[in-house]
Every structure is written in structure tokens, then in C-alpha cells.
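For reference, the structure discussed in these notes is given below.
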């Protein structure tokens, strides 16, 4: 089962639980002779790491990445790159109270039902901690993408959109005080993607992006370009008309979000993701335990009031991974 | 490149162009001894087929499916099932005027740029005609799913939501008269899905659903459960609390849309898709031709004013395909 | 289950039973703009087809290939190429006596046990008829390989090696008269393969060749280069020493058969395959029927006394398929 | 590129170089709730480890395996199992003389040509050291196979077959003294494999075994059952006739090696592998360096005179991996 592997040519295989000895990933298919060292990857991890401000979990993971293979004398060798991040701040006792109760909104119930066993410590495999590996893999993916720039930002926190950004800080403060949590919407844009990446019918570029993004913890919705708003537009408005500018095809709008028929147009690729509010909250919630008894749960511990904020670098990484994979696939099939 | 294959165990490989001799698919991994014949598949195709009402394309395809392999004496044999639908109503001349011009909103430009060649007749490979194969594959997938019921419906046409459904007919009439087109939002629900389907991290059930849905022609957005609206909810509202009812776990709400941590909860799986308005419209649009000259295009022919309507059975089929694949995968790993 | 799909980038998906309406395959990942028509593929099929001489089955299949998709105006478009060969000479009555008995050496017993159902007509899915599709796919694969020449020949029939080739005709005549059958060994050589195709550890070029060849009906052994004979050689003899000739690396021998560490060396790739004797023979054999009763069987019908002879073009095709796949994979990862 | 991943459901992804910080693998798709700890895996690694007798490399690796994920409280959780073996005895200086010269018979030349870079230390990725990971993965695979027994042995060393086994010790002593090396043939048998594992046409059980075995370092030939000898047998001898014994189907011989039509028959699965002689020898060999100059090389260091001996547990492991994968695949498709 390829349950933990993403990609066809640029392939990322993830492993690890939140409170085991380490998490990590194996990245296969990376072209040889690309400059790569731990410091380069580390900067992307540092951008994601918790404890940076009061809106983030205070868990003090160092998230120090080690390259265990695939790099020799500072360059990729074309063989699998194994990355490992040791779990240095795993305080198991913090989580012992969730051993037998299912936290609503979490994967506790479904893991238990599926596997008949679960590593309950900190969410185990379902912990957002795993996304550190995706950020690391995304850093490697960017090496393949040359001039492509990928950048994301939060555009909504709770009910407040970007134009009410001045309310975000107070809203999050209040949310935290209430023992509650907030959702968010993020937007990630890739600039400089060449025309032609993607494939018809199944492995469409937008289909692979949708899978990559929906796989990020807490994500419940994905849009490309005008997304849901496109449903309300008349055809002649939604169609991105084409002119010639400086001798090159030039689209007069980008409702398509840079993808037509599953293939990149050369315009910006625009993706939006909806994150649900953090499921770990102090607010008491009704639930059941493993024995089928009704009970209540309060999730203490170090949790971000809004996981969407920390999801942005993960979404950037996943977009890089999808683009790198399709970059190599396009090269294989269509370059002369 | 697995560009045209979907699934790990229940695998659907699609082929064919709108105006070639036929379209079809090969379905591999189907369990043996399931009752299957052409009439069973045909009823799903008939549900999708064009020309049924004035909101659909008047193209009079019979869409008659033939089973070429994998079925013996009315039962599946466990070997690949090859399905073929001949293209009997391909009027090539209707499309000759789009040979050299790129229709805005269509894949003409991107196919040409990617491959340096394209079958321009009726959109070739990018035509929504291919979705007939998905509907056929979905019919086979349903055989595996036993008691699961999958049903979709349109919940918004253009700007009008379900509660203004009485406006839809007039709105579409007017849209057609204007030479314009309309988008739509559809909702597909799977009832009776057992708890435990899915997988952590990469091949999450919702991630695979997102890929399947985003791969449907004209889809630009996907939501699971509360989707984008979840971003605005406080954590304690969005968390689906759990009680015991009739001795079984019972969720008090379904913001999660039936999936937690990438694994089905046993609740209804709820998916929404946004379709952009049909790109083929009579309204003249600015575009360029293959030689890089600016020009204008009007897309005549038999086109649905709102492709979202015909997208519903396709979305149902894709959901069946994803569930059947994960059904088999779950059986492989977790059944005793 | 990818049971009927071969390859990562150049992907061949096969379907069809010996006595169903048709057999065929879908070839995905083919680069665009390659000249391709039915006549080109047909010549490879004609080379394989039965009834050509008295050592072959007298089944008079026309094996007329049809291209159903992926080719437009004589060129590949980059979309899946669907090939179909109709079964025009399927005389079902010839096979009715094997409906309930398991032919020793055939897959009758194992298919029945695995699936609980089987298309018994002519061996159904397990018939060597399927190999026509591989030959067709191989013809397409060759388009990618440019200057590479792939050629196979029989080097042993029954106990008689190539240097006793003058005995082959009499031996086969006698074998046929005895109602018996003969095995064979074939050798396939690919010349002009560039250095660098293959991959470490799992998808080694020789590993993929071994899988491709062992998948051919009746094959029971595979060798690369010196193969089994290498076991008896001292290390200094088996090691292919290297000199410079005309400014280029030049190996003084080719015990490695053109592959070191799973990657092509640029020397000839040399593969040998052992075919068991045809299992369909007039000689009566002890067997059982579906009800578990002991019985005897004589397999009448039109069968090659030595399937190895007709296996040669199939082995050539499979080698082309493996090389084309690795050609594209190498281009993706290692070309600048 | 799935270059370093083997399997469809039971998936083994390998990483690591001989002289990097560690080697390891990720095993995905393992059923939950199987008892597993490091000690269990370690016994298989100890069986393989070097330095055990004078016929093996004196490299003193401890080969101590660590489980980094996927196991909780002594049981598998269904999530990826990450295994790591640190490289504790990597004496880099031993290998510095091969930095610029290509050792004949090794992958030095092909890696350099393919990737333009290579970790030359101890063979890097192409080192047989990687096979420790396969042995570890094979240990996990055996957990799935229940009653199946897999056992291998050497049946030929150099030119001496099993019936001259008394000559092996002197022969290897002499080989070592000569600065030479010897090849070997091994046989691996799996007893108790249920009927029905495998699949038609592409992922035949024997095809997957052939790939798994040919991917082992130094292997140049594979046979199933009577293998190459089958080519010389008449059809009526090679066909394994069937009787009923104790109420069950009983084959009177096993020329097929337990596989018909790519599917297991329930008989012993019999595989033979030919290993070439160790390529690292003291005997001076002609070669070239990276700059294209002719030179000579003598490979010092701690090398087995006959790698085939240490290949046996690796072959056992690979057979277990293939069978476990097909076991799960069969369960998915064919169990009720």
C-alpha cells in the first residue's frame, strides 16, 4: 500500500510518530549533482517550527534535520535521500489522559477502529508533527524547480478575511482565552511555472495538487483559481481570454488559477486551502472511551489555537513536491 | 507515467479521444464472481448521457458500452475488464474551425504547448466525453461496495443556491439565450461506508477523493464536510462530539464529512464540488491562434449550458471508485 | 492491483482472453509526435503470428491490430494509445472438453483455485495469445529507443544446442509425431543501448528485464550475460576488464551482459530465457477434474510443438518495453 | 521513480550508502497487531552478518537494527515501520584508492556515467551492505506468512556442485590464497505456500520473484523449478501430473517449481540463483580512471571470497517479501 508515499518520479515516503524516537522521510528520484546540505533544509524547518510566537504551540522541538543518505560532498548523488528529525521534546506524560478517550475532531477513533491499536502519544502517526517531513521534502523539491517561486499566506482567520487583518490578533487572543480554537484559509501561489506541466484525465496537475493539499492535517477544502466562486460566474467572464504581449501569449485574467485541462498554462498557479479549527481545545467536549462509555474530554497541552497558520509552509512544500514530480515527468515524456 | 490510471488495487485505466473510433477503459483488480453484464453498466451511462433535456448537449451519442474481457458467463473472472464505447456521432466538420484557434477556458492551448500536437476534434482527449468511461468504471466499483449508497445532486446553479431552485430553469434559459453558460455546485453523499477506510498521511481517504473529484472536467473546488465554512467555526462547534446510541458510537454532528485523520468514521461521506461554467459558448472571446496571431472565437456546436449538471453522475462514479479501492486496501491490511 | 500493467513511465496495460471478442492493451506515457500507424505495428505481429510454418500452431488468427486512440494524423499525441486485436478464429467447440479438467502444466488448476471461476476457452487469460499485445506494445517501445537494435534467436531446441541446429527439424518432426512437445532456450541481444539506463537496488535494469522475461508464458529461467556459467568462473576471468579504444571506454569481455550494478554499461545487453515444453500435448496425462475426481486428459487442437520458437519476438518486445521505460526514467532524472 | 521501493501492498523502500552514517528502510502496508521487536529482526541480521567465518568478509559491523516507527508496545500499528542500521565500522581510508578508478565487475563505472557523481566509499549505494535492510524487511514479511517456511542453501561453489561439497572448503581456501574469488548457486525453497498467490500476465508470482532475486547483488541468473533443464525435457515428462491423495490434489512431480500461470500451486516454490564471483579481488585487473586513462587496480579490503554464501539469507528475505506482498494482494481481491 503506497499509503505513505507521494509522487511518481520525485517520490516522498514518510514515516514516524509524534512521540517515537524520530520522524523522517525518504526522497527518491532526485536528480544528481544538486547542491544540498542540512543547513539549507533547516531554514525551511525553522520557518515552520512551533514556539515562534504566541499563536503557535509552545512545544520546543528543535526539529534538527539530519541527512542520512543520498548526499555526498555537498551534492545529491541520485540515490535516495533519507532525512531524520529526532523527537527530543516528547513529554509522554502530557498525553497519558488521552490514552483511552477519543478526542473529537482527532483521528483517535478512526485509527483505533481501523487498526485495533494506536500510538496514542501526541496523536502518534496522525500528529501534525509529521508535516515537518513534508517541509523538508519540499525544500529538496524546490531544488528541481529552478526559477519557480512558491509563496503562501493566511488570507482568513476564523470569520475574518484578509481585509480585516487588524482584528486577527485580538480574535486569536480571545479564542485562546475561551479555550477555543480558530480555523483559517490560506492561499499559496507558484510563480514562474512553465507551461506544460501536468497530464490529462487522471494525473492532472490540479488533481495532484488537490490530493497533496487535502492530505495536510485539518484541511477540509481546496480551490484552484476562482474555485467555488467560479460557479457563480457567467462563462464569458470566467474564460481567461488570450492576447499577445511582448510576443508571448498573455491571459487577460486568471480564473483558471494557472491550469487548463490539468496542464499548467504558464500563469500563476493559485491554490486556496480551508483549515478547520484546531481540534485540541480546553473546552470540554462530549466523547466516548475505548470501552464504549460516554465521557468528557479536555485537551490540555501545547497546541496552536489556529493550525492553519503553521499549515502555510506545509502547503508551500506540498505544492513544490507536486510541481517537482510533474517537472520530471514532463521532461521524461515531452523534452526532445 | 500513470497519467491515465487511477487507483492502487481497484485500478481504472482510461483511453480515447472524443472523435476517434472509440473511448474505453480497463478495470483491473476486480474481485471474481461478481454478477456483471452490459445492461447493468448501461443504466449508469444512460443516466449520464447527453440529449436528455434542453439543458444538456444535443449530441446524440448512444454511448453503448461493450464488455470486451474479464467477464465470463455473466460473472467477473478477476482478470482485467475492458470496456469500450464506440464514437458513433462524431461529426468532425462541426469542429474544424477550432483547429488552429485556442478556445479560452479549454485545454487547447495547454495540450498544444505540452505535446506540440493535439487532436483538436471535439477537444480530443480533454473532452468531457471521457467521463463516460468513469461512469462505467464507477458502476463496476459499486459492485464491491455492497450496502453503500452513493447519491449526488446539484445544489447551486450559477449564483442560485438550492433554496432558489425555482429560478434555475429560467436562469438557464436566459443563459442559453445570451450565448453564455453557467457554473454549478454539486454535493455527493455516500451512506453506509464502514468505519476504517483510508490511510494515514498520503493516501488519506479525503485526499484520494479530492484527487478524483478535481480530475473531473471543469471542477475548480472541493470540500469535505463543512469545508471552507469550517474555517469560520470555533473549535468546539466544529468538533463532532460523540455519544453512544443503540450501543454504538454516534456523532452529534458531521462537520468532518465522515472522515477523520484520512479514515472514514462510519458517518455519511459528504463531498461538494464547484464546476466552472461551460467554456464552449457562443459569446465571442478574444484568443490567439497557433501562429501567435490575435483573433476571436465563437464556439458553436452542441454544448451543455451548465456542465455541472452532467457532472453529478461522474462525481458519484469517482466516489465509488475511490471507496472501492480503499475497501480492497483495507481488507488486505486489516482484515483478519 | 497492477497485475496487468508493466512499467513506470512507458506503461503497458494488457487485457483480454483467448476466446473473448478481442484482446488489447493501453500504452501510456509515449512521447508525442512519433510517427505511428497500424501497418508499422502489424509487421511485428506478422513476425509472431501462428500458422507460418509447420512448427507453429495452425490457428489462423489474422491478428489485425487496430489503433483506437493516442494517434492523430499518423503521429502519437502523448495520450494513451489503445490497441485492439479482434479474436476472429475462436472456435469454442475445440476447447469444450477441457471445461472441467485441469490440463497439467497449464494454469487451469491455479486460476480455478484462485478465482473460483475461469474462462476455460483456450486458456482464457492465461493463453499465450495475450503475447500478441506485448509484441504490439514492443513495437511502440522501439520508437523511443532510436538507434537500439534488439534481436533474438533460438539457441537450443529440446536437448540440441545451436551447434546441432541441423538436428532441430527432425527432432521437432519426431516430437510432433510422438504427441509430445519440446522446450527451448532463446537469446535476445540489445545493441546500442546507451550507458546509464537502470537504477540502483530495486528497479535495476536486469531486475526489470528478469521480471519482464519471467512473465512470458512457459519461461522458467533467465540469465544475463554469463548467467549460471558465471558461478563457475574465477573472479579475475568473470570481471570484464576495461581499456580505452578510440578514446572511449572499451570492455575486454562481456560476462556482465551489459549491466553492472543494475545500470547499463553501453555493451550489448545479453539475455537468455529457458522455455519449458508446450503443455498442450496429445500424450495422455493423469489429472483431476473440478469435482476432485481422478481422470486423464489429451489436449487436442492447434498447438505449437515448441512454444519457445514463437516466444522469441515476445522476448524482443519485452526487452524493448523495459528499455523504453528506463530510457524515459533516465531522461527524467539525469538529463540536464 | 520507484527505483528503491519494492512491492505493491507490502512495500519496502530502501536507503543508505555503505559508508554514510546509516542504512535503513521503510516498510509500509504491514498489518497491525503483529508482535515485533528489534530482537526478532536482529536474529535474521545476525544470520547474515559478516565476520562469522573465514569465508566471509572480516568487516566487523554490528548491524544493530533500530525500530524508529510503526511499532507500539511490541506490536505493529499498521503505520510505516522505519528500520535503521548505523554504519559503525566504516573505515573510509580503506577505500580511498578506488576514488578515481573503476573496479571491473563493480558499479563504479555505471554510477559515474549515469549520475556524474558517486559515493565511492565502499561502493556507496551499490554495496552489498544494503542487503542487510532486505534481510530486516524479510523478517517483517515472515510475520505475514504464518505457516510458510522459507529456507535456502548453497548448492554449488565455483565449479563444485553439492555432491562435491567436501571440496568446497579447500577450494575456497585456495581461491583466497590466489587473490581470486568464486561464484555460487543457491536454492531457496518456500514450503506451505497456499494455492492462489500471484496474478496473471504481468505481476506473475514467478515474475516478481525473478525481479526480487535478480536485484540481489551479483546475481546473474534465476530459475524456477526445473528452470533451464526444462528446455531439454519432453512435454509429458515436464508436465506435473495430478492425482488425489488424502482427498486433496497431489502433484506427482514439481518441474513447475510450485507456480503455474504465474499463480502458486500449493507445492514447494523452488528458486535457484546464480551468483557471479566476488568482484573485489587482489588479482590485479586492467581498468581506466575517471579521466579516461588506462590503469590497473587491486581491490584490497575485507571481502568475502564468495558472496553467494552471504546471499542466501538475502534471497530468503526477498522471497518472503514477494510472498507477503502477494499474500495481501490475494486477500484483497479474492477473499470473501
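Note that the chains take the letters A, B, C and D in the order they are written out, and that residue 1 is the start of every chain.
What we mean here is this: a residue touches a chain if its C-beta (ideal position, glycine included) is under 8 Å from a C-beta of that chain, and two chains touch if they have at least 3 such contacts.
A quick note: this is a predicted structure, and the numbers were derived from the prediction, not measured.
Minimum number of contact steps separating chain A from chain C: 1.
More C-beta pairs touch across one of C-D and A-D than the other; that pair is C-D.
Distance from chain B peaks, on a Cα-centroid basis, for D. Note on chain placement: the centre of chain C and the centre of chain D lie 25 Å apart, centres being C-alpha means. Between the Cα centres of chain A and chain D there is a gap of 37 Å. Across the assembly, chain B contributes 1-5, 8-9, 14, 29, 32, 78-79, 114-116, 125, 200, 329, 332-334 as residues in contact with two or more other chains.
On chain D, the positions that touch chain A within their shared complex are 1-5, 8-9, 11, 13-17, 20-24, 26, 28-29, 32-33, 66, 68-70, 72, 75-82, 84, 114-119, 124-125.
If you check the complex, the residues on chain B that touch chain A are 1-6, 8, 14, 102, 104-107, 109-111, 113-116, 125-126, 130, 156, 158-159, 175, 178, 180-185, 195-196, 198-204, 206-215, 220-236, 238-244, 247, 249, 252, 255-257, 259-266, 274-279, 281, 283, 285-288, 292-294, 308, 329-330, 332-334.
The touching residues of chain C, when paired with chain A in their complex, are 8-9, 29-32, 78-79, 200, 328-329, 331-335.
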